[in-house]
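Each of the next two complexes has chain A plus one other chain: chain B in the first, chain C in the second.
The block that comes next holds the complex of A and B.
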């Protein structure tokens, strides 16, 4: 009796440590994304190097967390909600890692634009707004995971539609712009890449939220049209 | 206590006394039954009181329901008083704790108490707002799960709390927090969070000001020194000498205008309040429009719209310089072919002087800092346009002295509107 209690509390500790690691990784990705956005609007490309370096840390954490998940499954054979938590975590870290990669892409795109002596100009505002929306989504998705808060997760899933719409409107604007003045094509394409990366970050935040719903309720709501009520 | 024992023994003796004659005269069993009945009665009496106590102890209420008989009454009374005292003490302590928590809630600094494994034990509303926590649901949650910034996680796990951590809040608001961790009750941690946004901004302004003054003065000085050196070392013909001297004169004029602006600013700051003379706004705006046209040299269309029924009280030179500055800015930052509108009209609260242009506009993040000394949205461009970086700072001060508010609205790529709103006390109706 005593021993099994001891074991189960150790198990709880392991799970809570695992969650904290995931959220720490999330914190790194949040900083990466917000630093990339700052670089975009201020043109301080010195931070690009830090963003790329952080990506290495994120990758290491992803591997470490995946390893821990495998260990916990092998050692404890978790069931029900514990199992869902671990399965969810292993998917969340993949999404986080990819969001980090997208942040890296943004940073590199920013460096390209500014090194060629161009300025994002009038697209600065729209893209920045898009990026802030995506960053808020990531933040809320991680909060939802920390609190296992499904209503919050549902909000994030809903917000993704807005981000997608905003992304499309930026692309339309850029197309018009390129048609008017072909000299802007190089910069415009870079901005498209950046906007695309931001939109993908929003998608990853949505995926994370879907995993949160799965962890809490055991429902798989991926690829369904009417999302979490 | 001993009285109770004696009483019990006496009662037992009494039943023996009755039982003995009965046993002797009637029958043995009758004697025994009388004796047993006596003892039984006593037990019954005690049992009734015991049942009362039992009932009460399940749900101790402090009212008159706990009353016993005989010896039990004393016990019940003491229990009752004990319970009552306990309750008063508890409610007093509850009040104290509630007041203590209310005091913590009332603090303008954020407070978060952590337990041994860095989980949130308590946080007040200020901290909730600063860090985006929710007190009810986040208790027991490790703090690093919610405040995930790597700097914070590193600070907390390093355990070196000599110096506070300065953290830029990442929850939408652009705030700067200073987090101080102290240990309490063994190894538990208490976080105190101060909002240092204002101080941070002031520090930044002060640093920027010193750096900017030096920079603004050094640039023309470097040019001057360079030309001087050339003149000293190289033999130039007269025409070249003249060209260089002209450029030197231009640079020294530039330095002079910066120093002049700095002096104007400090004299406005320390000058007595402006006079109450009535300024003829019709004439003034005509003159300003002509100045604007001269500066624009036909590249913009400048329109003025004046409400001739209302004039302003104040110092004319200061107002001319402030309004002229706004118009000059509009002309400078509007590409050729644009429009600059000058407006003077009475409104509900007083009157408003506004300059609207169709220029390059200003991004929202620059607007709050625009009137800081030497603050430049785009360093290269404004200096090329001939600004000293002090214009708007002087405008703001002059307007403040006339109790006016400067309102700036702008959309990048579309245009800007600078409006000075004067209160009714400054208006003279014609």
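The block that comes next holds the complex of A and C.
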């Protein structure tokens, strides 16, 4: 990635503003995910409202950033690393926005569970662990973007495999519970939705990391077995 | 978009050095020019791109003290364009050149295009008529001038004059067209017309174009060469150069970071 300055300092300002906005949006999504996980563990469903409200801000930022990207393309005709940064950002914000949506889904699932009673203790640990792993992925992906750090991006991409495996194991457990005791089916299905949303958040963090590799190295590693170094 | 076909060579610079007296303006340039492709030369002022372009048709021979080293191989016959045994007039028969500022002769539109053919000894008026029409059509200006072929060329607009110069260059069926910033004196519409024309022309002729306009290089060329201080810094497919250049100096230049 090219850190030297453009002849046009205005162009530099535009790009750095864009990056700041992406990180700001990332910060919001991170709080959404983290609050959703807390609500799951504590049953504190008051925070659901905040998570939903934050989602509106995230959506607005997505639109604002996309708009700024369009302006930079129209005005500056970016090339090379600048072009890759703009393309990458416009994909990253889509993933961030969707990760935010998933956090909202978790929050709403939590509300359903706790409104109908309480979370059966045996479900807590696995999902929470999955959620912590996905949240770490989001943080690291945003870090990798902020510092244009491909080794960090590679860590996130590797972590996604673990999250996927853990998700599958939670599903197996829940199926066993449902077969043993059909009264748990309603709650179990809600928990499946929650686990699924968490797993998707991990996918979005992975996508973001793939874009970081594209921005820095110009390699498109999506849908390949190719790893970031 | 990928360029899948393996291109054949039309020309090739081999260890090309060029001196204006004591000043070394080109430093061991090694570069292929692919057949029926557009190759753009980009780089800041004074980087040697025009000097390089003008080596092809031996324009530097016109001034004493200029000196070439190395070769420019021209295919398929594998002639060294720079060899002292090769007559520059012969070379210029095979290459056409279009300059930054349109430079029509102070003659009629018809005569501007017919001139090169007459110099080559063509006097049959039917042949001349045919070739003039073909060249004017090739340069996408026929419809605008067909009813006024006997008017003076300098009365045409800038963009038309430039297309006339392209027609003049095309009339003698050149194998390689050299464009030296062909649109820098033209407005965006005329520029668009020339770029469209370049796209058409490459179906039958190889094109080497010097341009200051990076977006133009990105739009019209298949290959791009970045030159700096007389050296060839990077040569590659245009799609790759503009998305992922290999050299930091190329990157700095095309992203507008070079002071």
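Everything below uses one rule, namely that the second predicted complex is superposed on the first by the 220 of 229 C-alpha atoms of A that agree within 3 Å, B and C clash if a C-alpha of one lies under 4 Å from a C-alpha of the other, contacts with A are read in each partner's own complex, and residues count from 1 in each chain.
Just so it is clear, a contact is a pair of C-beta atoms (placed from the backbone, for glycine too) under 8 Å apart; a residue touches a chain by one contact, two chains touch by 3 or more.
Keep in mind the model is a prediction, meaning the values are calculated, not measured.
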item: Partner chain in contact with A:218 - chain B first, chain C second, else both or neither; value: second
item: Chain B versus chain C as contact partner of A:20, first or second or both or neither; value: first
item: Partner chain(s) touched by A:82 [first = chain B, second = chain C, both, neither]; value: second
item: Which of chain B and chain C A:143 touches, first, second, both or neither; value: first
item: Which superposed partner A:189 touches (first chain B, second chain C, both, neither); value: neither
item: A:8 touches, of chain B and chain C: first, second, both or neither?; value: second
item: Touching partner for A:52 - first (chain B), second (chain C), both, neither; value: neither
item: Touched partner set for A:171, first chain B, second chain C, both or neither; value: neither
item: First, second, both or neither for A:28, with chain B first and chain C second; value: first
item: Interfacial residue positions of chain A with respect to chain C in the complex; value: 2, 4-8, 11, 77-84, 217-218
item: Residues of chain C touching chain A in the complex; value: 214-215, 218, 242-245, 248, 250-252, 254-259
item: Residues of chain B that touch chain A when the two form their complex; value: 132, 134, 137-138, 141-142, 144-146, 148-150, 153, 170-172, 363, 412-413
item: In the complex, chain A residues that touch chain B; value: 16, 19-20, 23-24, 26-28, 30-31, 34, 122, 124-125, 136, 139, 142-143, 146-147, 149
